[in-house]
Amino acid sequence: MQSKAGYLLGKFIELVLTLFVVSLLVFAAFSIIPGDAARVMLGPDATDAQVQLLRSQMGLDKPLVVRYFSWIAGVFTFNPGTSYAYNMGVGELIAQRLPVTLGMSAIAMIMVILISYPLAVLSSRKPGRLGDQVCSVIGHVLFAIPPYVASLLLILLAGSVFKLMTVGTYVSPRENFISYIGCLLLPSFAIALPKIAMSFKFLRSSIIEQNSKDYVRTSKSHGLSDLKILVRHVLPNSNVSSITIISIILSDILGGSLIVEQVFNLPGLGRLLLSAISRRDFPLLSGIVFYLALITVLLYFISDIASSLADPRIRLK
Amino acid sequence: MARHIHIVKVHHLTLSFPTRKDPDPKPVLDDVDFGIRDGEILGLIGNSGCGKTMTSLAIAGLLPDNARITHGSIKFAGKDLLAMKPKDRRAMLGKDIGMIFQEPSTALDPLMTIGKQLEEVLTAHKENTQSGEDRLKAVTDMLELVGFTNAEEILGRYPHQLSGGQRQRVLIAGAALLKPRLLICDEPTSSLDTVTTVSILALLKELCQKLRITILFISHDLSAVRGFCDRVMVMKDGKIIDKDTTSDILSNPRNAYTAELLTNARLDTRILGLEPANVDYSASPVLTARDITAGYGRSLFERVRKTSEEKTDNNVLHGVSLDVYPNEILGLIGGSGSGKTTLIRSLLGLLPHEGAVSIKSASVGAIFQDPVSCLNPAHTIKWHMSEALRSSPKDPGKGFKGRAKALKRIITVLEECGLGAKYLNRRPNELSGGQRQRIAIAMCLIQEPALIVADEPFSSLDASSSAELLKLMTDINRERHTAFLLITHNIHIVRQICPRIIVMDEGRICEEGTTAEVLTNPRSECTAALLEAERRIHGI
Amino acid sequence: MNRFITKTIAVATVAAIGLTVMTGCGKKTDANNYAVVGITQEPGIFDPHTVVAAGDEEIIFNIYEGLYKFDAQGKLNPCLATDVEISSDASVYTFTIREGVKFHDGSELDANDVVYSLKRAAGLLDNQDGTALVAELDPIESVSVTSDGRVEVKLEVSNCELLSYFTTGIIPEGYDNCQAAPVGTGPFKFESYNPGQSVILVKNENYWQKGLPYLDKVTFKVCADMDAGLTELSNGSIDIFPYLMKDRADQLDPAKFNVLSNGSNMVQIFALNNSVEPLNDVRVRQAMNYAISRKDIISVTMDGAGVELTTAMSPAMGSYYDTSLDGTFDQDIEKAKSLLAEAGYDNGFDITCTVPSSYLVHVNTAVELASELKAIGINMEIKQVDWATWLDEVYAGRHYDTTVICLTSTYAPFDVVGRYESNASGNFINYSNAQVDELLNKIPMVSDESERTELYHQVLALLTEDACSVYIQDPTTITAVSTRLEGYNVYPMYVQDMSTVKLVEN
Amino acid sequence: MTRQSRKLRSPEASAFYIAGILLLGIVVAAFIVSLFWTPYAPDATDASSKLLAPCAEHPFGTDNFGRDVLSRVMAASKYTIFISAAGVAIALVLGTVSGIPAGYFGGFADRSIMLLGNSIMCFPGILLALVAVAVFGPSVANVIWALGLVFAPTFARVCRVGTMEIKELDYITHARVMGVKPARIMALHIFPNLVSQLLPATVIGLANMTLFESGMSYLGLGVQPPDASFGKMLSDAQAYIRTAPWLIVFPALMLVFYILGLYFISEGLRVSLSKGGK
């Protein structure tokens, strides 16, 4: 047990270090930007005195280190500054948009698992059969379609074939939860498509790989049925190796949602990000970037913890 | 001869792997016909790919999907196995037929405790309606039977927490749990060291007698069946070519192939007459090491931890001192984990260590165990030799003349090692293991070192390549007066060519002296144990 | 501050822009007496004196009112003032304040509120540093209440053209929280702002114009871009959507939507930096004017919905606009080539066009321009920058060769031409003509309307003669209005007047 | 060599190769031809023939500027190929230069390099590249640098893990015993053996980079108009999704061909390297 605690502690230190470097990267990126944030806000006709005033209001006249720490303190109290463009707390703005992005990512992830997992199990039963090969080829093609292209094609399909016009409307979950899920389905599917392919391919090869492991042969020699071997040995082992890939897929889905929101015109973090980019709203931009990275870092951390719980070998490391 | 009941009768079995392109390929098993008598230990010997594993899988009903039995039948205790449903055959496994395999390190599910995995054997068979407590007791008893004194503790462990020998015992326990009538052992000892091998074989023999289990023992090593199997079959290219009692086969092989298998197992007969140089022990040593203490940190490049507490935890070597004299072939033997490899890595400066190493030579050569990885697959032999030359103080320099000179020396050295200029542009993957080891030696020689450290150079080579390599080493020793520090677990070799040996155990030198003295009259327990294991395996 | 830009270049979001804004959703009340207006610019500022982008004014036009107010025809009408008396040298403006007007917070409007508001806008309050929040009101020297309760505004220099700036919003005396809680006298009260999604206004029951407004609630819903807005229109989730492109408007169901179009009083300009070689040569500038086809540009960028321009003013300015200049620069490649040759650029030259990336129409215009200029050997490279950089480098810094932008203005004609004075801060094309300078100095002193009009015509003629830049079009504003509503007026400026909108009775 | 080439010719692998090369070939052919000839100038606008459906004169139709879509698709392949190749080259150089020493020396250097790499990989998807371009301005050069930087950790990982495996092999130990300098060991002894691992990573990197680049161009932060790129063409075409679907179909097809072609080739490499390998 001690070694497991040590492992968790090590992972935690790694998490803190990574977050530190991530925050440095984000902060540095927005501190070395050419141009004076205060002047950008006030516009070209502002006097120097006005700019100076705003600079001190915004704390831009303080040394970098002080600004970094006050930013970090803000980030962890969910109040990393005020958006130039919206005149609102960055934390508040992000919180408003989170339901879209997270909801979409969650639905996409559920789709990925619900579709790829059974397919992979079926496909890996008889590798090389026609069904398996068809799945694999379709998987490759789906894998190569960027999410936003998939979105466009889905819109085209939904509009022209199914005569659906759900595109571009968004209903907040508080208003009508069913409609909220409904309006996120198509975009989620667009993000999920290539990831279904990725997850299918990985799970399939992972199951096939586990099937060829010696312990499967041992279990057979113990007289276990194929189904029992699949459920009790092969799937748990392939799940352990899938935890990491699932966290990577989740992070990809999060990244993919940034673009797909744009296509489907959903008010999520991606749109906020792009609006922040086009308005050079750096407090907002750095907030979004950092929180998205934070989510990913935590995802990886959780996946590490999960694998350590699932795999007794890791504790020894 | 008394009439024996055959528990398994394999009758003219022919098996092949047809594909769409080749519907009628050369059979993998060709008219295999034998019986396993109740209560005996039957050895099945042959090189890899000869079909011995397929034979065992055919009996167990675990053949790959694409295998087709085109002819013949298998009967188990009178029942025709091939006529049974796959489900029923699977149900026989564990209950009537147990199996253990070669690689104990991967044969257990890493995510499940030993107890649960063994319990599965019981729960898999429906007719077995024991209660949970009974099952636990059965498992614990069986673990005790296979030699665990702390069986209850083992139940809660995961496979990675056990050693290779312990895992093999767990597997044997699993296979024997329902007291099957037949136990198929597919190379159960080939990945274990000699001392463990001996104990596993003893365990199998004990089970055979105590539980009246019949054993089919598969091995590529004829010497392993000595003193273990009652009868032996020799298999080649899917056919059984020789079949008799063990003593008959070993003493009187009836065909060339069996004889070859036999000699392969006996390196000692081939290396008689090698003559190493005479050693002058009054000369100053070419290598002196004093109080070497070393261990592995997180990486090879990290300093050894300084705190005294951790030293005892991590260190593999504890104050080892040794001298290698000019001209000498010093043997270094010891069981696995005794610290031999750590010692030579420290001597070669590859590992941070405490203590002093002084080498009276501009360079030290080294050759290693694995002939596959000893050469860089990306480069030609010429590149290897030039690289060695370039790194040595003897480099004739750049420029056209220097290069021409270098090439000449490379060819000379290659020829000295029994290879010629035609090898210059070959790549490592075009050479055999023995040839690669020679290239490795040539790379050392071109640097003209006074000492070559050889770390188990024979362990992956077959007998004839080993013999040739040994001859090359003694020739070099005699003609170039190069000293060798030879690490090996093979006592015959040491006996033949090393005037002096050092025996290591648990990171310390436990015995040191002339070979004859140490081997005939061991003073320490570890030497005695090594000799005993060697004797039982090889019958010397 | 930034108001100057707001008024003068303010961002012509003629059409829709992918990047700036996001969509949202508004809540619908049970009653039908509401309207949802789609907007493509994120509203951000609700303080009438510090509005930055034109998009902000679109909404606060309904919340605040000034002493005077423009109507849909561009006419300046008295609003919170009942009349004004301007001294003969145009240095003192005296306003009579309307009685019986109530602020949204219930307080009565009086002269002190007006003084406070004007001082605040002109930067004259004690806690201000003297910089005008509304730059055009900078000439105000003092504001005071006369003995008879009127408000007297004294100017530093005489200016006949200042009346149109007294449209700036009036707020209660001492009130300084307009950003978070706007309080004005307009037909609608501020209810809530949900960034990136919507602004909700509700009916001002105490509005001084009896009978107005008709609607109980107006929601300004942020749409990502035109296409998003179009979708919402079709879904019925918005009722009014301005700034449509013609091809999109054509897709709408005429049974459900009325499509209104109007000039926008904007001037899309292909601005040439007059101090950069070779653009400092009038022949080169003329050649570029002749080389392009305004018709094709309008066809490509606006799907034909725009009015060709050859001078600095939109025809929406009525009599100030000089119709005699129409057709001056009809496309004539041969003439353009010979002009270039005359100027010594037989083989053309390379220039850069710096355009703000968020304005698709401008980017598209630049693309079309680059393609057309190739015909006379000019290689134009398009450099897209974000809006802040554009303001910094192009507008303020004037480090550029050419750019494409829309110039907007109020109805004050001086707004339109004032920037061409050599030292004007808005003269980002670095145009300099002594004659123009002289005329521009003279105009504010002339109180006679027709004389002023003549002077404006002279200025416009000079600008066209010098081909100071390439004027392209006055883009048409196309607005779709649901057939369930009526009374919507399209303003040729960047506002949405919701006070006259009502449900169709049936 | 014969052994090598035989190795690359398993039937499964060759099916992947053929499919991959065919698909990639379409895009590469379009790219090569576009260097010398396109049916129309890709940037030439023609207000009189805008939004034409595919016809004899314009096989892929025209866009809202009246530009020939075929010509633009051909021109776009140039940017796609160039950006992905240049970006991968940068990532490859950065990755090897940081990954091999990290794996070889281990310890503090390794942990620092990997910490930086992991931190970069913690930004989901194209976020980091987007931000980099947002900060430094959209241009082809910035896109290449940003993508190179974002992809470098992937290559660094491959190099690091490969190096850690290889450095334990006897031939590296041998080289160290012979006294070869670390820099030379890394460059001449280790690197050539990483090629077989870097090759599929490079091909897949090209594909992924194209995904990212086209995404950025779609958002308007990649290749800038009037230059054609698949992403930008698609985002412009979205407005005409119902009226002129050909504006979406052809760029989308070319983009998918390119990415899919690369995937197939990398899959072929993976199959043949894993089968023929050890």
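A few comments on the model shown:
Read from first to last, the chains carry the letters A, B, C and D; within each, the first residue is number 1.
Convention: a residue touches a chain if its C-beta (ideal position, glycine included) is under 8 Å from a C-beta of that chain, and two chains touch if they have at least 3 such contacts.
All of these numbers come straight from a predicted model, not from anything done at the bench.
Identification of common neighbours of chain B and chain D yields A. Chain pairs A-C and C-D differ in how many C-beta pairs are in contact, and the one with more is A-C. For the pair chain A and chain C, the distance between mean C-alpha positions equals 42 Å. In whole angstrom, the spacing between the mean C-alpha positions of chain B and chain C is 87.
Chain C and chain D have Cα centroids separated by 45 Å. Centre-to-centre separation between chain A and chain D, using Cα means, comes to 22 Å. Multi-chain contact residues of chain D (touching two or more other chains): 219, 238, 242. Counting partner chains per residue, chain B shows two or more touched chains at no residue at all.
The multi-chain contact residues of chain C, meaning those touching 2 or more other chains, are 18-19, 227, 357, 386, 389.
Inter-chain contacts occur between A-B, A-C, A-D, B-D, C-D.
Taken in their complex, chain A has these residues touching chain D: 14, 17-18, 21-22, 25, 29-30, 32-33, 140-141, 143-149, 152-153, 155-156, 159-160, 251-252, 254-256, 258-259, 262-263, 273-274, 277, 285, 289, 292-293, 295-297, 300. Chain A meets chain C in the complex at residues 35, 39-40, 42-47, 49-50, 85-88, 93, 96-97, 165, 167-172, 175, 262, 265-267, 271-272, 274-275, 277-280. Contact residues of chain B toward chain D in the complex are 298-302, 348-350, 363-370, 373-379, 387-388, 391-392, 429-430, 440, 443, 447, 453. The touching residues of chain C, counted against chain D in their complex, run 18-19, 226-227, 247-248, 251, 293, 295-297, 299-300, 357, 363-364, 366-368, 370-372, 374, 382-386, 389.
Interface of chain C with chain A (complex): residues 1-2, 4-5, 18-25, 27, 42, 44-45, 52, 129, 131, 135, 179, 194-197, 223-225, 227-228, 231-232, 234-235, 237, 357-358, 386-389, 391-392, 395-397, 425.
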